[in-house]
Amino acid sequence: MAEQTGMVEKRGAGLWLTHLGLIIGVAFIFFPIWLAFVASTVSQPEIVRPPMPLLPGDQFFENYSKALTAGINAPVALMLGNSLFMALGIAIGKIAISLLSAFAIVYFKFPGKKLFFWLIFLTLMLPVEVRIVPTYEVIANFGMLNSYQGLILPLIASATATFLFRQFFMTVPDELAEAARVDGAGPMRFFFDILLPMSRTNIAALFVILFIYGWNQYLWPLLITTDPSMNTIVMGIKQMFPSGDDIADWPVIMATSILAMIPPVIVVVGMQKLFIRGLVESEK
Amino acid sequence: MATLTLKNVKKSFGKTDVIHGVSIDVEDGEFIVIVGPSGCGKSTLLRMVAGLETITDGEVQIGGRRVNEEEPMARDIAMVFQNYALYPHMSVFDNMAYGLKIAKVEKSEIADRVAQAAKLLQLEPYLQRKPRELSGGQRQRVAMGRAIVRKPAVFLFDEPLSNLDAKLRVQMRLEIRALQRELGVTALYVTHDQVEAMTMADRMIVMNGGVADQIGKPLEVYANPATEFVAGFIGSPPTNFMTGALMGATSDTKLGVRPEHMRLSETGKLSARTTYCEALGAETLVHLSCADGTQVTVRQDAGAPFPEVGAQVGLDWDVANEMRFDAAGRRV
Amino acid sequence: MEKRVTFKGIWLPLLLVLPQILITAIFFFYPAGQAIWQSLFIPDPFGLSMQWVGLGNFEYLLSDRYYRASFVTTAIFSILVTVVSMGVALYLAILADRLIKGSGTYRTLLIWPYAVAPAVAGVLWLFMFNTRVGVVTWYLGLLGYDWNHVLNEGEAMGLVVVASAWGRISYNFLFFLAGLQAIPRSVIEAAAIDGAHFWTRFRTIVWPLLSPTTFFLLVVNIIYAFFETFGVIHTITSGGPQQATTILVYKVYSDGFVGQDLGSSAAQSVILLVIVSLLTVIQFKYIERRVHY
């Protein structure tokens, strides 16, 4: 009997082998990040004479302050600000318009509802990469190149969030809306007083997903921000590599890479439960 | 506090008629129970009074005023829902106060009214809790409290006890009735449970397939059912029905006799075979099967001897206790 | 499914959906329509006017050696990324599932790469394999292997595959772990009592029960490899050497923005649109089936 259970739940040597396997996996996952961190704490000469050290050096403050204040094309602090603004704009903007339209779809009957529903359904299919050239032209015609609106608006134009909120609103008991009506609440009052507070966890979970999505955008900012002061950090890193045969300033580039990871990692790890819930539910 | 009048109220969804015209004059302070099986339209009728369903035809008056087109809020009603519909993110206090806040009642007045209701319902220790931290019975009380603080003219209850266990249900039945008497509010109460209807109602409306088969005081309805459906639905165990053929007649009228009006005898109007006896302590239910397979139940006092299972016995009753129904189910 | 109660009014709901309608119309439907429209034209050599060519752009593309090569590249790339990242993730998820305590800690550590942007992941891996300063390159050199993804097509492909798969492990791991934890313990214990050893149990019970998750991840990962790996490729290889890592999305970008061939780029967009629609339909079909399950 002991041996039987032993086959299902490993004990003793088997348990340690399991841990060992996982530790190797984690090490493989973390090695690139660790190496980037080490590179961001040593000097350029230590890197260009391989092999570079595998333990952190003493140039941490020099490299990070150089990156944050001067950078190579633009100070990284500025790029961090741009990224933050873009990620927040995408997350908040998309959640706001999606909440409103999901509310309208679920709680009202209005002409064109079916059509609207199918139109937004279509948007689920096409990532921005597919319609990139004409979208660029639209932004250029609006004079939105090198602007936050230009960075944010096209990435809001999809209905994934609308679908999620619609699904959630459908599970809210009908009686709550009825009780609110009997209590004298109009539609908007019901929306703000009851539906929004009840959606808190869903909103938070979606916020995590959308923040990461916005923060990690690459192609779109690359196309529409030609002015270095509008660069986001994720796309700005590539701009730091010199053209031709010059040697890249690796410590500053790696410090920038680490800085680019920190906000999304904090969001993902700090809000892990919500994040996993949001991820699994948004794909259902 | 007000009268409530329904004048030939009808409801249809598209071409399907679900309420075929119900009329009643409810007096001030009266407790009316609408009872019927699921799908009979009782909830729809209540929701039309509440303003949650549109009224296809006819008129609803509250306090003598036509309210057909008015929003629920303007009708001066309060409603207790089957699943209570408490706002999950609000405390008990906020749940009760929400309607008053919307009506822009003074803060101090809100606090007074909620405190009063909480005292009446013994909810004082729970005012700061969220609904999920309460038991079923307490939630039920909060739902009542939310209705009380509004001081409405009419209380509407939509199967408010069906989510409670049997024991609590009996207790809440009494509490609701006591509360309604104390407040003197007119009430409309929907249930599928005929015991609730019998014990709580001043008058009851027995609904069947969108039609009010009978409106009357519980004991009157029990003693004098207007239709075969009412005779079968009100009373437990239900009325025994016997076809004309079984009774040796050629007409298609049916004969109904309540179980307590039947007795076992050597000879009698009918012969039947005993299938099962339920000794419940205070009484005994004897189940029998007639020659054509009709099932019949006889209620006896506990002391009376009851037959062996399988024994062939006679059934007898007084002609005065017979109820006759025509082919359409109407009393003749 | 419809709500029983709806609020009254027509203007309010229209007002509520207006922001979304405006934004999707301007930034989604108009550009998508433009892509389809432009795919039917070629610009004249001076870029002053457009000439109608019907399906000419598509005919040209499908006969173009480079475009067909890019198709093959994309297929190889997507399959490799999907297999590598799902394989590693499944291995880690099986191990983590065997732990009763402590799997949360590993999970916390393993979700990090999800937060790392593909472009940043590209930079990290580029740094390790850089031909001049890369640590891995240097140690490979010690072993007598001369790594040079700038010149060697196979090595370039290998590097972008590993960097792309790396960033995707977290996602697959979370779904596999959730799928494994959803398998009732009693089923596995029953098999153990029947005498099935680990590998037999996995093959005959766990893997079949996990197949909905696997299929779902397969589709999602292919979509990921098609579209979201642009950052990895742009930072590591820029599509080279000799277009060995030019996947379809990269080619839309390089023909449209670098080469300024709008007609061809638009036609490529339309082809991608068809592919992604097919994948999405497959995905929805599958979800529908899972709902009825």
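In order of appearance the chains are A, B and C, and numbering begins at 1 in each one.
Convention: contacts are C-beta pairs under 8 Å (C-beta built on N, C-alpha and C of every residue); 3 or more make two chains touch, one makes a residue touch a chain.
If you're wondering where the values come from, they're calculated on a predicted model, not measured in any experiment.
Colleague: Report the chain whose mean Cα position is at the greatest distance from that of subunit B.
Modeller: C
Colleague: Taking the mean of each chain's Cα atoms, which chain ends up nearest the overall Cα mean?
Modeller: A
Colleague: So what's the Cα centroid distance for subunit B and subunit C, whole Å?
Modeller: Computed from C-alpha means, the inter-chain centre distance equals 60 Å.
Colleague: Roughly how far is subunit A from subunit C, centre to centre by C-alpha average, rounded to an integer in Å?
Modeller: Computed from C-alpha means, the inter-chain centre distance equals 16 Å.
Colleague: Nearest whole angstrom, what separates the Cα centre of subunit A from the Cα centre of subunit B?
Modeller: Roughly 56 Å, centre to centre.
Colleague: At least two other chains touched by the same residue of subunit C: list those residues.
Modeller: 5
Colleague: Counting only residues that touch at least 2 other chains, which ones in subunit B make the list?
Modeller: Within subunit B, residues 52 contact more than one other chain.
Colleague: At least two partner chains per residue is the criterion; list those residues in subunit A.
Modeller: Residues 178, 181 of subunit A touch two or more partner chains.
Colleague: Quick check on the complex: what are the subunit A residues that touch subunit B?
Modeller: 173, 175-176, 178-185, 189, 193-194, 197-198, 200
Colleague: Using the touch definition up top, name the residues of subunit C that touch subunit A in the complex.
Modeller: By the definition above, subunit C touches subunit A via 1, 3-7, 9-10, 12-14, 16-17, 19-21, 23-24, 26-35, 38, 88, 91-92, 95-96, 98-100, 102, 106-121, 123-125, 127-128, 132-135, 137-139, 166, 169, 171, 174-175, 178, 185, 188-189, 192-193, 197-198, 216, 220, 223, 227-228, 230-231, 234-235, 249, 252-253, 256-257, 262, 265-266, 269, 272-273, 276-277, 280, 287.
Colleague: In the complex formed with subunit C, which residues of subunit A make contact?
Modeller: Touching subunit C: residues 4-5, 7-10, 15, 18-19, 21-22, 25-26, 28-33, 35-36, 39, 47-48, 50-52, 54, 96-98, 100-101, 103-113, 116, 119-120, 123-127, 129-138, 153-154, 156-159, 162, 170, 174, 177-178, 181, 186-188, 190, 212, 215-219, 222-223, 234-235, 237-238, 247, 250, 253-254, 257, 260-261, 264-265, 267-269, 272, 275-276, 279-280, 283-284 of subunit A.
Colleague: Quick one: which bits of subunit B touch subunit A in the complex? Just the residue numbers, please.
Modeller: 50-52, 71-73, 77-79, 81-89, 98-99, 102-103, 146
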